[in-house]
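Across the two complexes that follow, subunit A remains constant while its partner is subunit B and subsequently subunit C.
Let's look at the complex of A and B:
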């Protein structure tokens, strides 16, 4: 049972926006990793998909095997894909200044077995435009995780989007 | 034209910097964007086909004399 929860680093997007929020040189000294992020995107739609590269591996690499459960404004669907998708962020036509919330959990990230990645994300636009996403992913790669790149696929993350990486220890 | 950037923090030093994406990363973004759009269209078409089939099945079952409650217990 995890009993130590330490903020390793925080990325905050500056003026002008940025396509990626990235963590490099992640230490191997924790048991699990968690990312908590607050993201808004500049794409001219109400939402845009969030994805994550791990160790620089493309988020659409065949080594990812993901199951997604999604509630899109009341319509529920589920699907499988070879993608590392982390739900959706509010974009430029969503209510102004509203950011989406994202949690990612990666147990045993420094081990030599395949990695599981789970997440829950909500695009809440302060309107009926709500998009909830839960996913579980098996990354068929035995390398220790040393870098993460979180990005939205169609536009920049806007200023003040932020992501904090936490390390979790079991003792 | 300004290249898209990544905001990177090095966890060993705590230093945050803004770096331009490489041409390879930009090309991958374009591919991801196109793939996501076609996947979205595909899923929407599937959902629409499923809804149409459900409506058709509901109408056929109702024509057989099933109540709305009975139909909903089957579908």
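Let's look at the complex of A and C:
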């Protein structure tokens, strides 16, 4: 039987940092996509938003909508917004060496329906600075997904931030 | 490299049934990973799961969810089904992980994430039974059927 959980590409940020962790020319040969990432950024605060462009479309484009369920430093809340936000990454004033964890699942990414994105992210800085985020994102676009650009909005991703894109085949 | 993540079966809805089922699940994996993507004809519903055709009150589940303005949690015990996901009129992704499904000495637990355009949710559940899981049935708590094109793929994960 086929092995169907395949690493397509890994991006690791080098010294000096990088604004984006990008996957391009994603083949349409899988059923679903998964991204697992470890991210920290250089913004002078304890955390910064992680967002994602799809096919080069701005993460704040009106075609994106999301519902978020969040534990914000011990207080749980829920909100809606027209942003493709993936959660929060630790930033420069967070405990040293702490990176945030990110898990994104995109089913039927090459199909002709609107694209749904399921996302779990955690910023756990071993202090009261905690942001646990579950989000349900919808991209109201029928195009096949061919590129993803993950970025933090106020500073570069720092060295050793890494993201891996996996393809999953259902047969 | 060992093959450790394999598709077992895919079920594609034809639009005439409110149930998605997997039967004759082999016991040769460690965990199960079920991905359901699709729609129904009503605006929002909770998906429900049973194992091995057991319709007795042997299930419990807990839910944490948000509708975009408020967070909510609740617990359902001594039930004949488990809450396991969300589905609506818009493409709804659900990922259900069933841990140690063929171990015959433990009760079976799952953890899942279920999203619709109206709600984001996380679920956990327990089946108070030590039998290996050999079949899974998924439905939802509302009228109608899974829409044509709704797909569910069951994967097996091997620990070694």
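Quick notes on this structure:
The definition used in the following text is that the second predicted complex is superposed on the first by the 168 of 171 C-alpha atoms of A that agree within 3 Å, B and C clash if a C-alpha of one lies under 4 Å from a C-alpha of the other, contacts with A are read in each partner's own complex, and residues count from 1 in each chain.
Please note the rule applied: contacts are C-beta pairs under 8 Å (C-beta built on N, C-alpha and C of every residue); 3 or more make two chains touch, one makes a residue touch a chain.
As the structure is a computational prediction, the values presented were derived from the model and not from experiment.
In the three-chain model built by superposing on subunit A, subunit B and subunit C fit together without any clash. Once both structures are fitted onto chain A, a short way to say it is that subunit B and subunit C open up an angle of 100° at subunit A, using Cα centres and rounding to the nearest 10.
When the two structures are aligned on the shared chain, A:18 is found in touch with subunit B, with no touch to subunit C. By the document's definition of touching, of the two partners only subunit C reaches A:68; subunit B does not. Contacts of A:49 after superposition: subunit B is touched, whereas subunit C is not reached. Once chain A of one complex is fitted onto chain A of the other, the partner contacts of A:170 are limited to subunit C, with no touch recorded for subunit B. Residue contacts after overlaying the shared chain place A:80 against subunit C, while subunit B stays out of touching range.
When both complexes are overlaid on chain A, the residue A:114 reaches subunit C alone and has no touch with subunit B.
In the superposed model, A:154 makes contact with subunit B only, not with subunit C. The least CA distance from subunit B to subunit C in the superposed model is 11 Å. Counting contacts by the rule stated earlier, residues 77, 79 of subunit A appear in both its interface with subunit B and its interface with subunit C. For subunit C in complex with subunit A, the residues that touch the partner chain are 1, 3-7, 10, 35, 37, 64-71, 90-93, 95, 113, 115-122, 149, 151, 153, 155.
Interface residues of subunit A facing subunit C in the complex, by the touch rule stated above, are 1-5, 31-32, 65, 67-70, 76-80, 105-108, 113-118, 120, 134-136, 138, 168-171. Residues 8-14, 16, 18-27, 49, 51, 58-60, 75, 77, 79, 81, 149, 151, 153-154, 156, 165 of subunit A touch subunit B in their complex.
If you check the complex, the residues on subunit B that touch subunit A are 4-14, 16, 18, 21, 28-29, 31-33, 35-36, 39, 43, 47.
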